[in-house]
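Here come two complexes built around subunit A, the first alongside subunit B, the second alongside subunit C.
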Partner chain A sequence: MEKKKMNFARFKQFIPLYIMLLPGAVYLFINNYIPMAGIVVAFKTYNVNDGIFHSPWAGLKNFEFLFGTNEAAVIIRNTLLYNVAFIIVNTVVGIMLAIFISDVMNTRMKKLYQSSILLPFLISIVVVSYIVFALLSHENGMFNKGLLPMLGMEPVQWYNDTTWWPVILIVTNCWKGVGYGTLIYIAAIAGIDQSFYEAADLDGASKWQQITRITLPCLIPSIITLLIMNIGRIFYSDFGLFYQVPQNSGSLYPVTNTIDTYVYRALMSTGGFGRSSAAGLLQSVVGFTLVIVSNMVVRKASAENAIF
Partner chain B sequence: MKAKRIISLLLALALVCALFAGCGGDGGKESSQESSSETQQSSETQQSENSSDEGESEAESTGKVDGGGYEVNYLYMIAQEGPNQTKVNEAINELAQKELNMKVNVIPMTWGTYNSQISMMLAAGEPLDIFPAFSGNFSTYIESQYVVNMADYLDDLKDAKEVLGVDFNCGYIGDFLIGLGQMKERGYPTGLVARKDIFDELGYKVEDFNVTVEDYSSFEQLDELFAKVKEAHPDMVCLDGTSIMALQTIDWFDNLGDNFGVLENYGQTTTITNWFESEQYKNFCEIGSRWFKNGYSSQDIAVNSDSGEIKMKAGNCFSFITAIKPNTDIEKKAQTGYDVAVIPVGGNCSKSTSAVTSAMLSVANSAEDPQKAVQFMNWTYISQEFNDLINWGIEGEDWVLTEDNLAAYPDGVDATSVSYHNDMGYIYPNQFAGHAWEGNPIDIWEQYEKYNSEMMTSKAYGFTFDSTPVTNEEAQLASVYEQYSKDLAFGVVDIESKLKEFNDALYAAGLQTVMDEKQKQLDAWLDAQ
Partner chain C sequence: MSKGRKAYQAVINIILIIVSLCMILPLVLLFMSSITEENTLVANGYSFFPAQFSAGAYEYIMQNSATVFRAYGITVLVTVIGTSLSIILASLMAFPLSLKDLPGRRVITFYVFFTMLFSGGLVPSYIMWTTTFGIRNTLWAYIFPNFLLGAFNIILVRTFFTTSIPADIYEAAKIDGAGYLTIYWRIVMPLGKPILVTIGLFTGLSYWNDWTNGLYYINKSNMFSIQTLLNRMIQDIQALAAHSTANSGSLMQIPQVSIRMAIAFVAILPILIVYPFLQKYFASGIMLGAVKG
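Let's look at the complex of A and B:
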């Protein structure tokens, strides 16, 4: 009884906050929850006269084209492995850069570094693809015409040689995407109590010890949040990165074909809402499951750091 | 803590679900169209009565009907947005009011806008009567019931039928008439478009060349040309762009809608074969490979996505390969800024269904009164004023008539300052009804007609493959084709081993199933003829 009263009192206290939440919640409901009924399209042969709900059922037929080929294994492998690599590389590099930048004392330089790292994140992937092309072009590329001859090495047919693409894609993705994570880590580092470092200094801790014993443990909640969010998107791929950056070169498909590019190429000619919804549904189901599982793992390991 | 968890859970859910935003739509649209099966019979009889119809329709050739104030939503393609668009819209409206008592809601679209919007417009059932549809989408459009079966309105299409002649029947997929083709060239032979200044400088003449598929060694004439260009201009790229013989797939055979299972030898056979296993394909790939290895084609040619026109305009490209037609030189000069020499490559070409149906003008299912829409479309095939309006704009402001009866820029107006100018007759109903642009021969339309009538005709002319039963296979084949076609055609890989890999991948993706289905449909069609 006593407890209930207190809960209500607390609720009353927060009423203004709930009211502020309301528009956002209504928006989410209308925009993100109601349309979920449209998932049924993935199981239908859609036609405009009967509409979404009255079109004939197709069972799992729409999913067949995703698994029908022997390419399916390669595509799923590419999507998963690249995303795992992206997550690891971007997290490690992001934290490193965040620690470096946080230690810059000159505020103007700090701002400059921060912005220049974020800049690629804001560049359109099409522009990025041309920057990469300027480096790798067989005819006029900086690598084949400048760098490699200078080092006495043979030119490489970049766009026909699969060897280097896993590296090129990971580096490109890191260069483009790392700024976003770095920004969050810088904010998190700024939030760490300075007295920890002062105390460590007094005790004679080295810089390295300060990083491993203070900075990194304090960053763990942010790292886990970003990690779980990224894992949720592990079955998706950045279409531009895998389509534009390799210039859609056929010989590179074995290392650049991912679920999104496959769906695009397969459905460009035939279209079909059913099949594209089926691909989307599969991606989100896998993503959703992975988010739940990874959160469960985190909760087992250290309950306070789990997102939910 | 608990509240935080719930909110985080909601957020996570929302993130995952964000994908589905936009999937919703109007599900309650009433079925307004009769099922196509009911109309099968009528369309069949109409089809067989073709020849007798033509005589009758001459009686009324003005296309005039009383539209009763119906509003037609007319979507058409434009090259770019021009300031005079509003005036053109008004003029179209006035013309249609006067001649048909119909209002026109003109929806001009550039290619980019069209590509990003058309599928949503159709799926959402937005107001739309007439729009250009492209062959790759036909089976989806029919399956999804986006388009009206025009076979139900043959009586309203007499004039268009007379204009199109036998090409009218190419729009039939089974008994479903999906749309009408445009008046334009009916075949696409391959040619090499080369810079005339360099060509002349080396002392060549177009007549010197006789490159034909009868004898693949005749392609060495081009090797010789490239070698001379290379010698005189070491820094120049001899061949660039996005096409080469092995990619000009509409030319060498009847591709029956896609390239998977074709009628080889310009469609002069009725047996479906896999072109990618043919000697011809291998020869083309080997020539591509030779040009690549000798440094004639750009080292980036298989990667590059800029058209040959763009490359030539940039100034360092000698030639590119493309489909040619009677006035290619004039068109390419406008696009590249250089005088060009056009060398036919391969020699022949044939009229096939896909050449006519690559783009069709269709009636959308959301048309309020499909019959009125069809009547309007019929009129667009015979109205000179309409075809001039949408192509060249307002007479006196955007173009004037020259003494030779050609259209030209008025004094003081040029390509950069004109307020409306499309030059896209190939996607408009009937450019032959309107005026040709200055620079073309006076008898250009007769030349086109002669050119079209002299063309070989594929044995499957008039047959359109219905790919609905094999959509999964088609999707996979399209993906395999994307992977191998460019590398093989431009010869940047080892032909022998990749060619085998390519064909193995095609068969693994279900090529045989598609070929069998095609043969089955084709045999049935041939029997019915």
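Let's look at the complex of A and C:
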């Protein structure tokens, strides 16, 4: 009895703290946890009147719709391949830029380079799609009206022709996102012990040798951290990049449709609800598994680089 | 400096100047297109060196300000309300979680953390926000779904509180008779300012740039935010005229080709203006993000 009282007195002093936690906890419950439970909608024939939890069960019918066409294969392929390409391109370009920027002696120029590389990161993807439109618009674009005629080439129906879109999307994504990784690598390079380089200089090591033998090995922890974060998200795509930049153009779907754009478009189309929720569930479950597995692999390889 | 060193400096500077131009020039193109005379645009296309300049697009925006100004106002309002609420919610949650002797701290931290691992996705949250909460075509549709409070921010702020605010200060305040709420407001908030500014900046940026909530939940043109307006406008320039006052004939006068670029430029203008002053915070925020929570 005595002990219980003590516990309650001890507990009582924390009550204000629990009250402080409450608003955020309630928000997370609504915004995150209810939709997690709502994922069962993928196994239901949803109708608005009954809501998610009381609509009749549909078994695997929604998944049959999803996998009934070859669309499922296309969106999964696009999502994975683009992500792999993005990871490779942004990592390589990011490390290269970080090494160059770190080596610039003029501090003013160094700042300038850093700022300009990060700038596109802050621009909304809608505005990015306008810039791409200024370049590629069939009637008024800089390519069709200016560059291509100057080079004596035929104009291209950019928004109908799938040929160039993998390149366009990879370049756009790199332009917009590379600054993020570059900054992280710059910070990592700044943390490398300068005496390594001094010793290498004394031994007459070339710049290339210094990069491959000192800089890159020292960057490995940062590279791995960014890599797991990216691999964990390999089943997710940047909705804006794939929806806005190709301007939702139907003839480009074979090369621009990813899981996220598919889920949205199916959700908004009549009768697409089942397919949409099935694709969404697939994404959530596979995405979750990938985060856990990639982190487990890293923890096994080098515990200090694991994220959790 | 040896000869080789000098050559290396020259090479990397040239490469980086080219890269920097590639980063900035697309934005210059956007601006140049917006101040190009409409007929020149139709004849020569978007270009860095227009044959004839015109402020026509901006004049159109000023004259038919109802749509654009309203959208701008909604974006500003959403950004201010959303960011303020977000900072308050995140810090209110992070402070108790930063106290080692709070019973249940680990469970609650996991409750927060798990939201980063698993997500229900668009379909269930779309159903929930539209049916249960009925936020369609309200200001809350921009503020509540997704952006208000992220686990990542909570963990960043908590880590900052544990590592940067010495626990002795709390003890001293308690002895002086301060309750937790006083400690939070008078000690934690002021000392936590650097991290709160950083997460505020990123939250503000994502509210300013968000177009998805507008896409999902808004279909009334008088509720368009600037990004939602831009999103609708690229497919259909009439989105701009839909709300502009009675003069239905005004559609003819829209400088269709340049105005898209003018509104897009107006939408990023505030970011371009504050960026030079705040880039230190942007950079440090990104660094923080790379360090595990």
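Observations on the model:
FYI, the second predicted complex is superposed on the first by the 209 of 308 C-alpha atoms of A that agree within 3 Å, B and C clash if a C-alpha of one lies under 4 Å from a C-alpha of the other, contacts with A are read in each partner's own complex, and residues count from 1 in each chain.
As a convention for this text, a residue touches a chain if its C-beta (ideal position, glycine included) is under 8 Å from a C-beta of that chain, and two chains touch if they have at least 3 such contacts.
The structure presented is a predicted model; accordingly, all values stated were derived computationally and were not measured.
Contacts of A:Ser277 after superposition: both subunit B and subunit C are touched.
In the superposition on chain A, A:Asn248 makes contact with both subunit B and subunit C. When both complexes are overlaid on chain A, the residue A:Phe308 reaches subunit B and subunit C alike.
Judged by the touch definition given at the top, the superposed model places A:Ile34 against both subunit B and subunit C. When the two structures are aligned on the shared chain, A:Thr45 is found in touch with subunit B, with no touch to subunit C. Shared-chain residue A:Gln114: touches subunit C; no touch with subunit B.
By the touch criterion defined above, A:Pro23 lies against subunit C but remains apart from subunit B after alignment on the C-alpha atoms of chain A. Contact with neither subunit B nor subunit C is seen for A:Gly204 once the two complexes are overlaid on the shared chain. Within the superposed three-chain model, A:Gln157 lies in touch with subunit B and out of touch with subunit C [touch as defined at top]. When subunit A is checked against subunit B and against subunit C, the one touching more of its residues turns out to be C. Taken together, the two complexes place residues 28, 31-39, 41, 46, 48, 51-52, 133, 137, 139-140, 247-248, 267, 273, 277, 280, 283-284, 287-288, 291, 307-308 of subunit A in contact with subunit B and also with subunit C. Of all the residues in subunit A, the ones that touch subunit C in their complex are 11, 14, 16-18, 20-21, 23-25, 27-28, 30-39, 41-42, 46, 48, 51-52, 97, 100-101, 103-106, 109, 112-120, 122-127, 129-131, 133-135, 137, 139-142, 144-146, 175, 179-180, 183-184, 187, 207, 222, 225-226, 239-240, 244, 247-248, 260, 263-264, 267, 273, 276-277, 280-281, 283-284, 287-288, 291-292, 307-308. Subunit C meets subunit A in the complex at residues 4, 8-9, 12-13, 15-16, 19-20, 22-24, 26-27, 29-30, 33, 41-42, 44-47, 89-90, 92-93, 95-97, 99, 102-103, 108, 111-113, 115, 117-128, 131, 144-146, 148-149, 151, 154, 179-181, 184, 205, 208-212, 215, 227, 230-231, 234-235, 257, 260-261, 264, 267-268, 271, 275-276, 279, 282-283, 286-287, 290, 292. By the touch criterion stated above, subunit A contacts subunit B in their complex at residues 28, 31-39, 41, 45-54, 61, 64-65, 68-71, 133, 137-140, 157, 159-160, 228-229, 232, 247-251, 253, 257, 262, 265-273, 275, 277, 280, 283-284, 287-288, 291, 307-308. Chain contact summary for the complex, subunit B toward subunit A: residues 5-6, 8-10, 12, 14-29, 31-33, 119, 122-123, 125, 136-137, 139-140, 143-146, 237, 258, 298-300, 302-305, 365, 467, 471-472, 474-476, 478-479, 482-487, 492-493, 508-510.
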